[in-house]
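In the two complexes that follow, subunit A is the common piece, with subunit B as its partner first and subunit C second.
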Partner chain A sequence: MLSYALIGGIMYGLYFGLVGMGLNLIFGVMRIINLAHGDFIMLGAFLTYWLYYLFGFNPLIVIPISIFVFLVFGFLMYYIFVPKLLHSKDPEMLSFILFFGVSQVIEAIIILFFGNNQISVPSTIFAKLFKVSTFTLFGNTFPISWLVVSIVCIATFAVIYVYFFHTKLGYATRAIMANRHEALVSGIDVNKVSAIAFGVGIAAASLAGVMGFFMIGAAFPSMGTDLTTISFTIIVLGALGNPLGTVIGGLIYGVAIMLMQTYFSSWTNVLPYLLLIFVILIKPEGLLGKAVRNV
Partner chain B sequence: MSHNRNGVILKVEGLVKKFGNFRALDGVSLEVEEGKIIGLAGPNGSGKTTFINVVSGVYKSNGGRVIFNGEDITNIDSYKIVRKGINRTFQIPKPLLGLTVEENIRVAAVYGAKDKRKVKERIEYSLSTIGLEGFRFKKAESLTSTQQKLLGLGRALATNPKLLLVDEIAAGLTQKELKMIANMLLGLKEKGVTLIVVEHLMGFLDMITDEVVIMNAGKEIFRGLIREASNNEEVIRVFLGG
Partner chain C sequence: MRKFSALIVFLFLFVVGFSGIAMSKEAPKYIKVGTLYASSGPFAKPSTAEFKGLNFWVHYVNSKGGVYVKAFHKRIPVKLVAYDDQSSTATATTLYNQLITQDHVDMLVADFGSVLTSVAVPLAKVHKILLFDVTGTGSKFFTPDNPYIVLCSLPTSGRWPYTLADFIISEKINRIAIVYSSNDFDQSQAVTLHNKLKKAGVDIVYYHAVPSNTSNYSIILHNIKAKNPNAVIEFGYPNNDIAFLQNLESSGLKFNMVFTVFPGQLFKLLKANVGVKALSYGYTYPTPPLLRYNKVNLGMGIDKFEKEFKKYSGKTPNFLNIAGYNAGLIMQKTLETSKKFDQLAFRKAINEFSGKAFTLDGLFKVNKEGAQIGEMLPVAQFVPQGQGLKMNIVYPPSMKTAKAVYPAP
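On to the complex of A and B.
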């Protein structure tokens, strides 16, 4: 039972690392809190649902579509909201209020067009595709969809790692994360690079939505708020402002959730909030601390 | 003065910068000839650093014009100003933490120079000029504050500036370090770089400048040789009070 909880927790954790990745990337680069983060996860789920039911698209095919759509959307959204926010006296506080509004608007629009119902994509979709429904690891059997999601998450983390450490754009992004003014006088078009990072953050959130059906079940318009809270817990657990630290935060969160579900299931829903309060009180910069704050 | 070609590289006309009702720059006009080192001095709050911030595009002005090499660059974005050939250092060093010394310079060499060729040469030139070749793989946060100031200078040099704005680089340095930095800045002048050096330490300015501009309350109150400044009544009043 313990090994099931630990291995399952790691796979869950990889997924939650993806859930928090976009929020932390945007915070790291722009020092603003995107409270609509969970709503972009929800939008990714709705896009997957409709592409599946209208055209029969497998979620694996939806991945590049979702990334493209939300990358462009995030890029444009940056120029609408963020430069004005960053010129204000208190960008962090204003971002809370502004993106809370954006979150409410997104939720209201989805309810208006699609109703306030739960939606889902069959969990057997990958089993049909790969002609195998489960896999076994150290004597424990897991759904094949968990393996697919884990591979997608690892691939995403690898892409983000390469983007940060092995591309010209990544150097510029890290420079902005380290110091916005110094980046400007290094000749970096800070707004353009930030807009791309914002788009990547929103696209990463949507990707978590595409994969969400297979890890957290059905999607519904109001799910964004809970997902934002969970994401916030994860990035605080890892390291605020350090996107790759999010993976560590996700793993801690995933294993903790699985252990709670296994041994104290009735307390599982309280866990994110308890972890959040605990870490904020004990080590507000995140468990990984300052050493890895700058990617 | 060997590179003084008597051409005006920077012309500032009636520059105004307001913070609320406070006029940090109150119609400053200044011309800087190519190849010179101009010192910018004055008491705290006189507008020296604000002047650098506006010329380098970090702050937007509320009036006036900044003309560089004959081109109006007033209120254009910082990164575009850098690519046109103006760079600056910060009074408090702001290195890119988490990146190595070489990466700090590389970012500027890749993004900041108009000519995108010879990136490697510019990195090596910057490292050797600031004397941090041996620290190239060290993280910026592991450097001393003096080394971080040098790194800021190296980062600026990597963008191949024609005009370098140096903000209080001498503060807190030992005599030996002051002499080293003075020689470094004079060496840049010999290579044709024009410098505006904001500084409190008049002795340091005396070592390197062709002329000094003294500011008070957002205005220029004196321009000339530093030894003349010490005999100027208004300068004495501003610095000594009364």
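On to the complex of A and C.
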């Protein structure tokens, strides 16, 4: 049971690394907190659902569509909201309020058009595609969908790593993360780079929505709030402001959940938040983080 | 002069006081029914469905000129005052209070389920207004010192698994796993089932609670499988049931018997989310409209209701639409039979027709605490039929339509 919980927890944690990635990327680059983060995950899930039911698209086909749609959406959204926020006296606090409003609007629009129902794509869709329903790892059997989701997550982390460390755009993004004003002085087009990072953050969130059906069950309009809270926990656990540190936060969260489900199932929700309190007290910047801000 | 002034004051007070008494006997222009619904949040789907059922009742009685109120010997139209609590108990507390103290509603109807009803129960008691509890089946709501609550649909949750326990015992299924969400509704079912089965000598090999927002049961299912049970019983809310059944199907694990709560209440929703295969050979508590009650003495039978509701909303009703309508019927009967227009008289009237009223939801019978004891939840099994599913009632014998397919193929 322990090995199952650990291996399952790692796969579950990879997914939650993806869930928190976009939020941390946006925070790292712009120092704003996107409280509508979970709602973009929900939008990704709804897009997947509708493309599946209207055109029969497999979620793997939806991935590039979702990335493109939300990258463009996030890019445009940056120019609508963020520059004004960053010029305010307290962008972090204002971002809380603004994106809370965005979150409410997204939820209301989805309810208006699609109702309150839970929605799902068939949980066996990958099993039908690959003609195999489960796979075995170290003697433990898991659904094939977990393997697919894990591969998608690892691929996403790899792309983000390459983007950060092997592209000019990534260097510029890291420069802005280190110091926005110095980046501006050194000639970086801060707004353009930030807009792209914002788009990537939203696209990463939508990708978590596309894959969500196989890890967190049905999607519904009000799921965003819980997911934002979980994402926030994960990025604080990993490294506030360091997107790749999110993977560590996700893994800790996933393994903690699975261990608790195995041994103390009714206390499942408590451990991640106890860890959060512990990390905040011992290392407020997160396990892998630098001191990115004064708390 | 002083005596004259005193006389004037006395006469004034007398006239005002007397007219006050006279006015209190006057029939109101409307019967104000106050309720809450949730347009968002985890209870939005069932809550809005229930609210729609109540709205249908209001629409239907008003189309007949209103509800007959015995205390005033006349028909009076019903006015529904409703607010959106967004599935939040904090918001619901404020809004229930507003319905009672600001809107002065004549009849108070709770929002869906135990969570959103729980905050209404103490408020109704304090303000001495009878709470028409639609589906809040938490057993702690019903106490001997509180006459201000009556459960309209479904038995209290602690009674739900009575027939399920009997079925398991009669089938000689001797190794049971029970996983339940940690809320009053599911916990009380789990406790009842656990105690009844233990008493009958059934081995409970797995008995654990999970948080109500659990959305992944993969590890739990694996842990259950390690205990090798003959039957797995999952008590949860719709989100839990969906996740549980999806995870079960994708895990490739098989059990001889799997029971979940909501396929019998929200069949379409569950079928849309988990598919026919995941529900095949699964067990549930069937409720109307899966149970067809047409021989009724209060309101419409299920066939007529389905027709009228479809005309009204364009949709086929589900159980929660029926529960909302049923709450309306109980209020209607209360007003039709209560000799006085006050809250305790309403309760007294309910006690008098309790056990005699049969609606499309079954027999309405409440105990002294106001808890529903008339309705019984049989055990049903879904079996494949063509591309879809057929529901067979497998227990109790008096309602049985087919023998259970056990173990599941």
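Here is the rule we go by: the second predicted complex is superposed on the first by the 286 of 295 C-alpha atoms of A that agree within 3 Å, B and C clash if a C-alpha of one lies under 4 Å from a C-alpha of the other, contacts with A are read in each partner's own complex, and residues count from 1 in each chain.
Just so we're on the same page, contacts are C-beta pairs under 8 Å (C-beta built on N, C-alpha and C of every residue); 3 or more make two chains touch, one makes a residue touch a chain.
It should be emphasised that the depicted structure is a prediction, and the values quoted were computed from it without experimental measurement.
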item	value
Clash or fit, subunit B versus subunit C on superposed subunit A	fit
Of subunit C and subunit B, partner touching more subunit A residues	C
Partner chain(s) touched by A:H181 [first = subunit B, second = subunit C, both, neither]	first
Partner chain in contact with A:K168 - subunit B first, subunit C second, else both or neither	first
Vertex subunit A, arms to subunit B and subunit C (CA centres, degrees, nearest 10)	140
Partner chain in contact with A:V190 - subunit B first, subunit C second, else both or neither	first
Contacts of A:S266 with subunit B and subunit C, given as first, second, both or neither	second
Subunit B versus subunit C as contact partner of A:S3, first or second or both or neither	neither
Three-chain overlay, closest Cα atoms of subunit B and subunit C, distance in Å	38
Intersection of subunit A interface sets (partners subunit B, subunit C)	none
Complex contacts: residues of subunit C adjacent to subunit A	39-42, 44-45, 48, 87, 179, 182, 208-211, 213-216, 218-220, 222-223, 226, 238-239, 242-243, 246-247, 249-252, 269, 272-275, 277-278
Parts of subunit A lying in touch with subunit B, wherever the complex brings them together	168, 171-172, 174-175, 177-179, 181-191, 293-295
Subunit B residues touching subunit A - in the complex, by the definition given at the top	56-58, 77-79, 82-83, 87-88, 90, 94-99, 103, 106-108, 110-113, 152, 155-156, 159
Contact set on subunit A toward subunit C in their complex	1, 4-5, 8, 12, 107-108, 111, 115-120, 122-124, 127, 133-134, 140-146, 214-218, 220-222, 226, 257-258, 261-262, 265-266, 268-269
